[in-house]
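Have a look at the structure that comes next, please.
Just so it is clear, A, B, C and D label the chains in written order, and each chain counts residues from 1 on its own.
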Amino acid sequence: MGKGRLEAFSDGVIAIIITIMVLELRAPHGTDWAELAGLLPIFLSYVLSFVYLGIYWNNHHHMLHAVRSVTGVVLWANLHLLFWLSLIPFATAWMDENHFSSKPVALYGVVLLMCAVAYSLLAAALVRHEGEGSTLATAFGRSRKGRLSMLGYAAGIGAAFVAPAVSLALYVLVAAAWFVPDRRVERLVG
Amino acid sequence: MGKGRLEAFSDGVIAIIITIMVLELRAPHGTDWAELAGLLPIFLSYVLSFVYLGIYWNNHHHMLHAVRSVTGVVLWANLHLLFWLSLIPFATAWMDENHFSSKPVALYGVVLLMCAVAYSLLAAALVRHEGEGSTLATAFGRSRKGRLSMLGYAAGIGAAFVAPAVSLALYVLVAAAWFVPDRRVERLVG
Amino acid sequence: MGKGRLEAFSDGVIAIIITIMVLELRAPHGTDWAELAGLLPIFLSYVLSFVYLGIYWNNHHHMLHAVRSVTGVVLWANLHLLFWLSLIPFATAWMDENHFSSKPVALYGVVLLMCAVAYSLLAAALVRHEGEGSTLATAFGRSRKGRLSMLGYAAGIGAAFVAPAVSLALYVLVAAAWFVPDRRVERLVG
Amino acid sequence: MGKGRLEAFSDGVIAIIITIMVLELRAPHGTDWAELAGLLPIFLSYVLSFVYLGIYWNNHHHMLHAVRSVTGVVLWANLHLLFWLSLIPFATAWMDENHFSSKPVALYGVVLLMCAVAYSLLAAALVRHEGEGSTLATAFGRSRKGRLSMLGYAAGIGAAFVAPAVSLALYVLVAAAWFVPDRRVERLVG
């Protein structure tokens, strides 16, 4: 089974999720800079969620690039990932509405954690299909970053009940960890 | 006539339908777990509809994979299917708003039934175009599951006026029937 | 310049327009059939607009199938068509909100007319690019149906101020004219 | 790394952004022409933003056409461009809601400026990847128009605090500058 439609469908869903979030950024009724500044937290959480979805799209792109074909199990593992990604706008909105209080910040971490779990399940399904000696399997030997990310999210969920700011810092840190080395690896390879 | 754009357009529409539903999951204003728990029925109906749309996308993917070209009749049969699929978010929302009372649950079944009818019309149009001896026609000799599903939806519609919980159980059962064996077949084949 | 991205972009925009309209179908708060029946006019106008967008997608598909490459003028002629198509949900909603009174029904006709004009401009840009003797030019010698459609819309706009029901009948008639013969032509050709 | 998915994802995101804006055009409750006329400013700003997104899509299309492959840096430069483009509907809405008063008109210019900056960063990333002697690098020797556009936006931002109408005239002028010569170049080349 070809992988073209899986990629196209995933592109479509991620494109919609990433754009839906901007609908939360409702234009304020007044024209003061103060009103715009009031949107800053919402804007920053939009940036964070945008970056996370960008990371997932990039990684999805790289991972499927190394794959030749897909199976029914892979199709469902992919839909499972898209399901959790689709909850990011909801978790972002709840966090925004409540000024980053404990429970919404914890829930945001739960959704990020589930996305990471779903992504590693997709990777596992692909590795099983492609075989242990495949390029894909080799590339995913370095999935230590994946496990550390999950640890980061879990720590963030716990921290949310004490200091939500720490959780947010952890979420930003994990995003940075995916964003930065990606470029370093590329430079080494390219 | 090539099938590429039909696939791309269907991917786009299904991707949008599947993601639009998540807009119904509005972030609660408070931060209690109780408020989040109040969203559970909406969340579960989102999961069910997501799975149904996933099933249709998967089956659409498999069916068109076995097809070489399409006709004008196929284009319209496909649009007809997309039309009924596009009503799933509406039916889901009505069911949510009214706490799964009889009529909305029955309507949800009607929409699922019409999707199944539209899908079998699309299959019939493709079989007529590809010829009785084609791979497609052989693969659709086993459409007994399709007919049983329609029976399940019809029973669900009837049951909704007596016990909506039974209808929901039936809808879940039919979804499971499509979800599970898909993997079994795959394992046999792969 | 290749035509692949023009097709993909158009597919995306039309898929979104066609699905956005269903958001107008808001779930009623009660559970009476009467409340659902109250949505019937909105539902029927959704069906009509869905069919129109389906017709445009089908025709766009056929027309670009006969084309080998595109120019910058074609890109803009295509965006111009997408612009007018994007106003169909707005015109549909205004018509719905005002129970098909004169002015909204006239505006709906204006939007349909502008879509038809934009489509014929796109066709003209393609014919100029492909050359008079091309398959495309031959296929568009039979654009009499296009001119008759514009006449139908114009008549519908005028009739709206006297009897909006007549306008709606005209809009349905034109849609039917595109829907039905398409299949006849196909059968002759196929 | 292939460029197919980058194009497909960008097409998806731009298609959604361009169509989301039309949701701001809410159907008025009355049926007077006056009420429709009251929407004219919103409609015109929709046209302007639609044209801008069309220009970006066209230029994106041309630029990536001249490219053979992409890198991780290019993927992020592209996401960065999509991020700023995704803010156009928000900036448009704020401008609409406040009848084109100073600050919203200035913000609209800021978003346009950031889109232009992001686009030139993407171009730079591509040129670095393709090499100075490549077709792409040659084609982007004529990016004087890009620098003049940024100047136009900056002037518009400043002018917004004195006379917002001047800013709007500047934004329209820059759009026209991209729209018109595109056709002239094409005619010379074609």
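The rule is simple: a contact is a pair of C-beta atoms (placed from the backbone, for glycine too) under 8 Å apart; a residue touches a chain by one contact, two chains touch by 3 or more.
Note that the structure is a prediction, hence the values are computed from the model and not measured.
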Interface composition of copies chain B and chain C: same or different, split at half: different
Chain whose mean Cα position lies farthest from chain A: C
Averaged-CA centre spacing for the pair chain C and chain B, given as whole angstrom: 27
Interchain centroid distance [CA atoms averaged], chain A/chain C, Å: 38
Multi-partner residues of chain C (each touching 2 or more other chains): 8, 12, 15-16
Interface residues, chain C side, partner chain D - complex: 1-2, 5-6, 8-9, 12-13, 15-17, 20, 71-73, 75-76, 79, 82-83, 86-87, 89-90, 93-94, 96-98, 101-104, 107, 129
Touching residues (chain side chain B, partner chain A) in the complex: 7-8, 11-12, 14-16, 18-19, 22-23, 25-33, 36, 47, 50, 54, 57-58, 61-62, 65, 179, 182-183, 185-186, 190
